[in-house]
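Labels A, B, C and D are assigned to the chains in the order they are written; within every chain, residues are numbered from 1.
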Amino acid sequence: MKRSIRVGYMLMGAAMAGAVALALTILPVATAQDADHGGASAVADGHHGAGAEHPGAGPLTVGDISDHQAHTIIAAAVAKAVEIDTKMDIAIVDAGGNLKAFLRMDGAWLGSIDIAIKKAKTARYFDMNTGDIGGLSQPGGPLYNIEHSNGGLITFPGGIPIKDANGNVIGAIGVSGSSVENDHTVAQAGADAAN
Amino acid sequence: MKRSIRVGYMLMGAAMAGAVALALTILPVATAQDADHGGASAVADGHHGAGAEHPGAGPLTVGDISDHQAHTIIAAAVAKAVEIDTKMDIAIVDAGGNLKAFLRMDGAWLGSIDIAIKKAKTARYFDMNTGDIGGLSQPGGPLYNIEHSNGGLITFPGGIPIKDANGNVIGAIGVSGSSVENDHTVAQAGADAAN
Amino acid sequence: MKRSIRVGYMLMGAAMAGAVALALTILPVATAQDADHGGASAVADGHHGAGAEHPGAGPLTVGDISDHQAHTIIAAAVAKAVEIDTKMDIAIVDAGGNLKAFLRMDGAWLGSIDIAIKKAKTARYFDMNTGDIGGLSQPGGPLYNIEHSNGGLITFPGGIPIKDANGNVIGAIGVSGSSVENDHTVAQAGADAAN
Amino acid sequence: MKRSIRVGYMLMGAAMAGAVALALTILPVATAQDADHGGASAVADGHHGAGAEHPGAGPLTVGDISDHQAHTIIAAAVAKAVEIDTKMDIAIVDAGGNLKAFLRMDGAWLGSIDIAIKKAKTARYFDMNTGDIGGLSQPGGPLYNIEHSNGGLITFPGGIPIKDANGNVIGAIGVSGSSVENDHTVAQAGADAAN
């Protein structure tokens, strides 16, 4: 997955009005031309990871998912959902656990709106896959009924932290709409598209 | 507007099957006018939901926003937000008032996530612009404190119903992140892109 | 409005299966025959009002709306709604303020589901019309912001207590879906049908 | 299942209007298979909602339960409840999961008001019987604690999707007031009466 998307649009050049050109830089998608031009060089945005660099007594510098990335991730998740013949609700939260982007595919479960969002939040709240938390929240487990916290967590698979190129968490994706295995597969496809 | 399907049932008299008889008992009594007009033909009198057609005793047929449309609408709203130099939270709900798509532009207010979603829901819940409701919910107004219903409504501008080409409501858009004038402008740009 | 409705169905007699006959006694509707037979004599159920008689040290005896009455009331409200060309959400609560019956007419506002229920509850919680409470809850009024209590009240017109023949409150009706004047008109038509 | 509407856009090339270009950026990228199959024809591939037809870029067309049907269904449920000597709370939600109709039979549990409504919503949210979800949400199951989502789900029997004559979900019924077996029996009687 490339992120050099502006390149192709830049070629459309003078014919584009300013506003549209700006919008394109925000909501891009990779094209065949991108590959030809070599994508990465066009992305000079230098994310700082949530691993956070601390410049002395000053504030933390943290990485955070962009709307650009959120779109790329959702597009990759939808592509995977279509590939495996499922209809999914897909939610992206940022480094603060706040909703960044969401899409419910036509015909996807209504009940999965909330579950997709909660999976994404759960994954970011604890920086681990939701299914891993679920393994700890069973009766007798160390996190039994953790689902009661934070206004309701979802601890079965389908939520995955999103990391930058350095492995720092910058957000999370939550997917719901099919079996938990399919949910996880689609979420992973999305998370993998972040970089 | 009349609705006189029961008249037809009354004429079925002794032959009435149990289920139909039961239905008769619950559905409202026919008015005198209904009887004069002859029952069944009055069924298709438009006394139904957004764009709904009522096929006799069968289900309603209604329009609903597609993920394709939701994307087009968000893109148009983002383009307008960029044009007027604002950062917006943009939410789309479907005909049932359920979240269909969402995007928070980079740097847009966190507090606008909930407001954008509530604006979209409010616009669909009452099929009118949120600002119009706000004009009625002021102190002394006929809908004073309506905001306490439905888990919290937002009744200042920025929420607009989304209609199909025939003017039937198929969803709504809610925008928050700037002045209410700007929020409305961006929401309108989105709503206008539906067809 | 009469409540002798079983009479007409009784005439259908032996042809009806037991279950259907039973159901009919629960969910009846007035017919022309009722008028001929003189309705009231068929209703020997003698409701005790919420005005409550206290038999010594024993429990209170209170009146409570029946499902039979709830249906009759909703039917009357729907008939009025159709007559004035509106689409309404109609809710009935019992003497305990708990939901007894509800109907959303096709095409009626989604946002009115909650408002109709809250109007009915508000009317029963204080045994007065919701609009009367609204007159007291304005800024500077003695009940300012009472809407924040009880999980959210609605204090504009459309909620009316339902009383038995002796004037004792046995429940309430809440109507939402049009102007507050129309809402009140429809609610009153329903409340008037209780006896 | 493929979905390749974007292919068509790619072919539009230089002639693309701004709005279309924006839409392109958001909609998921076409897969290689899509290209081979030729884009537009794959749009109508059934990748949509309950009974939904997707007219190109326009809105979905979906079925929704009517008030007429809701009444018929409740009457059938009441008849069954009477037949098996139970007192039930019966709720009907529409295709959007919003309350359409409700009836609490005389003497039915107050606590079943919320349960009946939640069962109906749960059944529609996931388009399956609530009991089937409950089988998956047990400790160790794949959906453990899913009940924490959506403001509270009920996952024991008594909630059943309501389908039109073609098998498309148009709403759901939820019944509570007796054993879960009885609740399910009554709900099934209601659901069966939809057509």
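Note that a contact is a pair of C-beta atoms (placed from the backbone, for glycine too) under 8 Å apart; a residue touches a chain by one contact, two chains touch by 3 or more.
Quantities reported herein were computed from a predicted structural model and do not represent experimental measurements.
Trace the shortest sequence of touching chains from chain A to chain C and report its length in steps.
Graph distance in the chain contact network comes out at 2.
Going by the average position of its CA atoms, which chain sits the greatest distance from chain A?
Most distant chain from chain A: C.
More C-beta pairs touching across which pair, A-B or A-D?
A-D
If you average the CA atoms of chain A and of chain D, how many Å lie between those two points?
Distance between chain centres: 27 Å.
Averaging only over C-alpha atoms, locate the centres of chain B and chain D and give their separation in whole Å.
A distance of 18 Å separates the two centres.
Chain A to chain B: how many Å between their CA centres?
30
For chain A, what residues touch not just one other chain but two or more?
20, 23, 27, 71, 105-106, 110 - these are the residues of chain A that touch more than one other chain.
Which word fits how the chains touch one another: line, ring, star, complete or other?
other
Write out all the pairs of touching chains, ordered by chain label.
A-B, A-D, B-C, B-D, C-D
Applying the document's contact rule, which stretches of chain A touch chain B when the two form their complex?
19-20, 22-23, 26-27, 66-68, 70-71, 94, 96, 98-106, 110, 113
Across the complex, what residues on chain A touch chain D?
5, 9, 12, 15-17, 20, 23-24, 27-31, 71, 74-76, 78-79, 82-83, 85, 87, 105-112, 114-115, 118, 134, 137-139, 145, 147-148, 152-157, 179-180
Help me check something: in the complex, which residues belonging to chain B touch chain C?
These residues of chain B touch chain C: 1-3, 14, 18, 21-22, 24-29, 31, 47-50, 52, 54, 60, 96-97, 121-122, 124-127, 139-140, 142-146, 148-151, 153.
Which stretch or stretches of chain B touch chain D in the complex?
Residues in contact with chain D: 5, 18-19, 22-23, 25-27, 48-49, 52, 54, 57-66, 68-69, 71-72, 74-76, 78-79, 94-98, 164-165, 170, 193, 195.
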